[in-house]
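Letters A, B and C mark the chains in the order given here, with residues in each chain numbered from 1 onward.
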Amino acid sequence: MTDAGLTAAMVSDAPAAARKRVVVAGRLLLAVLLVLGWELGARTLGSVFFAAPLDVAARIVTLARSGQLAADVASTLRVSALGFAIACVAGVLLPFLLRRSPRVSTAVEPYIMASMGIPKYALAPWLILWFGIGDLPKLVVVTLMVFYIIFITTTAGIRAVDQRLIAMARVAGAGETAIAREIIWKSLLPFFFTGLKVALPRAVSATIVGEFLVATEGVGHYIEYSRQVADTVGVFAGIVIAIVLVLAINAVVNVIERRALAWRPVEREMEL
Amino acid sequence: MSDPTLLEIRNLGKRFPARHGREPSPWVIQDLSFSVGTGEFLTIIGPSGAGKSTLLNMIAQIDTASAGEIVFNGETVNSHDARMLRPGFDRRIGYVTQDDNLLPWRTTIDNVLFPIEVQGRLNDETRAQADVLVRAVGLAGFERYYPHELSGGMRKRAALIRTLAYDPPVILMDEPFAAVDAQTRTQLQADLLTLWGLGRKTIIFVTHDITEAIALGDRALVLSRQPTRIAAEHAIPIPRPRNVQDIFALEGFAAVYQRIRSDIQ
Amino acid sequence: MTRWRTYTDRLIVLAVILAAWQVGSFLVGPYWLSSPWAVAARFTAQILNGELIVQGGYTVEEALIGTVIGGVPAVLLPFLLRRHPVIVAILDPFMVGGYGAPKLAFAPLFILWFGIGIESKIALVASVVFFIVYFNTLAGVRALDPRLVQMAQIAGAGERHVARHIVLPAAVPHILAGFRIAVPYAIGGAVIAELISSNRGLGYLVQTGAMNFDTTSVFAAILAATLIVHGANWLLNAAERALLRWRPPPRAVLETGT
C-alpha cells in the first residue's frame, strides 16, 4: 500500500499483547464486581427486592432436578420453534410471491408497513379472548413478530439481487421459478441468515414475554407467577434461565451460520 | 540576495515500525535534506510511491520521523516521538491535502471559515477576507452549498482557500490538483499563482507532473525512488508573473523540462 | 400516469381489507371481532371525550421519559470513552450481553422493584433503549474519518473543538438511526408493561377491554398505539431530514467515489 494521503501513523508503544491482558483482566474484574454488587444488593435491600446469587443458583438446581426446568424450557422452545417456522415460511414466500406482480407489491406495501407499527403484544388479550389460555395466543404473537423481520430482510435481499444476472438468465430461457430458485435464493442466503440470527432469539424472548400474559407453563410463566406470589428467588432464577436460553440460541445460530456460509469467500453482513 | 531560510530539513528518514517478530522494515525516506526560503514557491517532483505524502505528513507534524531533523525558523522540532507532535506546528504550517477533507456537514463558507472559527478569530474582518477569497476562486454564489453539491474542482478550491484564509506562513500542498480535469487544473494553477502573488507565502508544492512543477515553482526538487532522497535540484528561471496557460511557449521552459526529465529517467 | 394507478390500486386494497374485516365481524359477531365502523366511531368518541388522549398520554409519557433516561447515557458514553478504547473493550461483552438479553423479559422484575406505577414502565423502556442507542452511537463515533480530525488539528483545533465539530456531526446520523430503531421498542415496551400490570395507559385499556368482552375498545386502543408509533417515526424522520441536509443522496456517493 502506498502512502495515500494522511494516515494516522500513531503507533502505541505498548505492544498489543499487553493491552489484551489489561482488557481481559478488566473484564474479569468487572464481572466479579457485578456479582459482588448483586450479593451486596441482596444483603442490604432485603429479600423482597433481591435474591442472593447462591439462593438463585440453588433454586435453579432444584428446578432442574425436579424436571420442571426441562418442562418449562421445552414448552417455551416448542412455541418459539413453531412460531419461528411458520413465520419463516410466510416471511420468505410472501416476498417471492409479491415479486411476481410489481403492481400488487406497490399497492400492498404501505399497508404492510403500516401494520408493522401495531404493537403485537397488545393483540394478546384479544387473542386470549378467542383462544383461551393456551399455546395459540402466544404462537400468533411470536409468529407475527418473527414474520416482519424475515419479510423485511427477504424483501431487501431480493431487491439487492443483481438485475443483470436475472436478465442473463431470462435470455438463456429460464422460467420464473428457475430464476427464483437459482439466482435469487442463492443471492438471498446471506441476508436470510442475518434475518435468522436476529429473529430466532427474538422468537424465544417473544414467547417468554407472551407467557407473562397468558400461560400455564413455560419460562415466562414461571417468572410472572413467581412475581405474583412474591417469590423473588423464583423471579431471579427464571430470568437467569431466560438469559441463558436466549444467549445459547444466539451461540447456536452463530455456529450454524459459520458452517453454512463457510464456503463463501466474502461475507456480506447487513446491519439491522 | 537570498531569502532567509524558513524551513530546513536535515537528513530526514522514515521507516514504518517493524511488525512483531519480523525484521525492521526498509527505509521509505532516507537522508533527505533540503531547505526552503521565506516567500519561496518550492515544487517537489516525484513518482507515486516515492513517499511524497509521507514527507509532507512529517513536515506538517502529523507523522513521526524515524531519523533526522526539521528546523523551522531556527527552532528544531521534536518529531521522533508521537506524543510530542504538534499538528500544523501551532498553525504555522498549513496543509492542503490530496483529499479535500471538507466537512460534509458544513456549507462552503462555513468550511472556509472553519480554521478561523476554531482559532477564535471569527469576526467581520475575517469574514470579509474569506469572502474575497471565495470570489477570487470563482465560488461566489456557492457559499451556502454543501460539499456534496459541489463539483470536484469546486471542492478543491474551497479546500485551498480554507488554508489560505487563516494565513499560515508556510503552506504544504499534496498534489491538490491531481484529481481534476486538465482545463480546471490550469485554471486552478493560475488562481493559485495570483493568490500567492498577493501575499508571497512560502509554499511547498508536491506533484508528479513536471509541467506543473515548472509552471508554479521558483525551484524544483526531484525525488528519487525508495529509499527516497533529493535526487536533484533545479532553479526555474522563468520570470514572473507567469502565464500558466501558455507555459510551454515561455522562454526557458523547454530547457528546464528536459533537464528534469532526464533526472527522472 | 402510473402514479394515479398506484393510488387507485392502494385504495382498492384498502377497500378490500375493510370489506373483509366488516364481513368477518358480521360472521363471528361483534363480541369477537368488532367492525371497522364501530372501531372508528369508538376511536373518535374516545378522542373527543379525552379518554384516549389521557391514557395515550400516560403511555407516551412512559416511553418518552424512559427514552431520555436510557438514551442520554447511551449517547454520552461512547463520546466520553472515545479516547479510552481499553475501557470500551472491557465493557464490550457486558454490553453485548445486555443487548442480547431479552429486556422485555425483565418486566416482572421491574414491576417487583418499582411497583405497578409509572417507574417500572420507565425502567423497562430505559433498559431497552439504552443498549440499542449505545451500539449505534458507538458505531457513529467509530466511523470517524481520521483525516478530518487531522485536518482540524492542523487548523489549530483542540480536543474540545474536535469533539464538537468533527466527532459529533459525524455521529449524528448514527445516533438518529439508533433512536429510530429504539422508538417502536420503547412504545411496545411501555404497552407490554402496562398489559402485565397497570392501572393506566393504553395497555391497561386493552386489558380491561378484553376482560369486558369489549373488542371495540381493544381495537381503538391498539389503533391509538399504532398511530403513536407511526407518529414518533414520522417525527424522527423529519428530524433526520432537517439535521442531515448535508448528506449526499446515495447515488452521489457512488459518483464521486470514496
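Just so we're on the same page, a residue touches a chain if its C-beta (ideal position, glycine included) is under 8 Å from a C-beta of that chain, and two chains touch if they have at least 3 such contacts.
Being a predicted model, the structure only gives us computed values, none of them experimental.
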Top-ranked pair of chains - ranking by C-beta pairs in contact: A-C
Taking each chain's C-alpha mean as its centre, the one farthest from chain B: A
Chain closest to the assembly centre - both centres taken as Cα means: C
Chain A-chain C separation of Cα centroids, rounded to whole Å: 18
Rounded Å distance, chain A centre to chain B centre (Cα mean): 53
CA centroid of chain B to CA centroid of chain C, Å: 49
Two or more partner chains touched - positions in chain A: 5-8
Residues within chain B bordering two or more other chains: 62, 97, 99, 101
Sites on chain C at which at least two other chains make contact: 147, 150-151
Contact set on chain C toward chain B in their complex: 145, 147-148, 150-158, 161, 165-166, 169-170, 172, 245-249, 252, 256
Chain C partner contacts - residues on chain B that touch it in the complex: 60, 62, 87-88, 90-91, 93-95, 97, 99, 101, 103-106, 114-115, 118-119, 146-148, 152, 162, 166
Residues on chain C engaged by chain A in the complex (per definition of touch): 5-6, 9-10, 12-14, 17, 32, 86-87, 89-91, 93-94, 97, 100-102, 104-109, 111-113, 146-147, 150-151, 184, 187-188, 191-192, 195-196, 202-203, 206-207, 209-211, 213, 215, 218-219, 221-222, 225-227, 229-230, 233
Footprint of chain C on chain A - complex, ascending: 5-8, 19, 22-23, 26-27, 30-31, 34, 48-49, 103-104, 106-108, 110-111, 114, 117-126, 128-130, 201, 204-205, 208-209, 212-213, 220, 223-224, 226-227, 232, 235-236, 239, 242-243, 246-247, 250
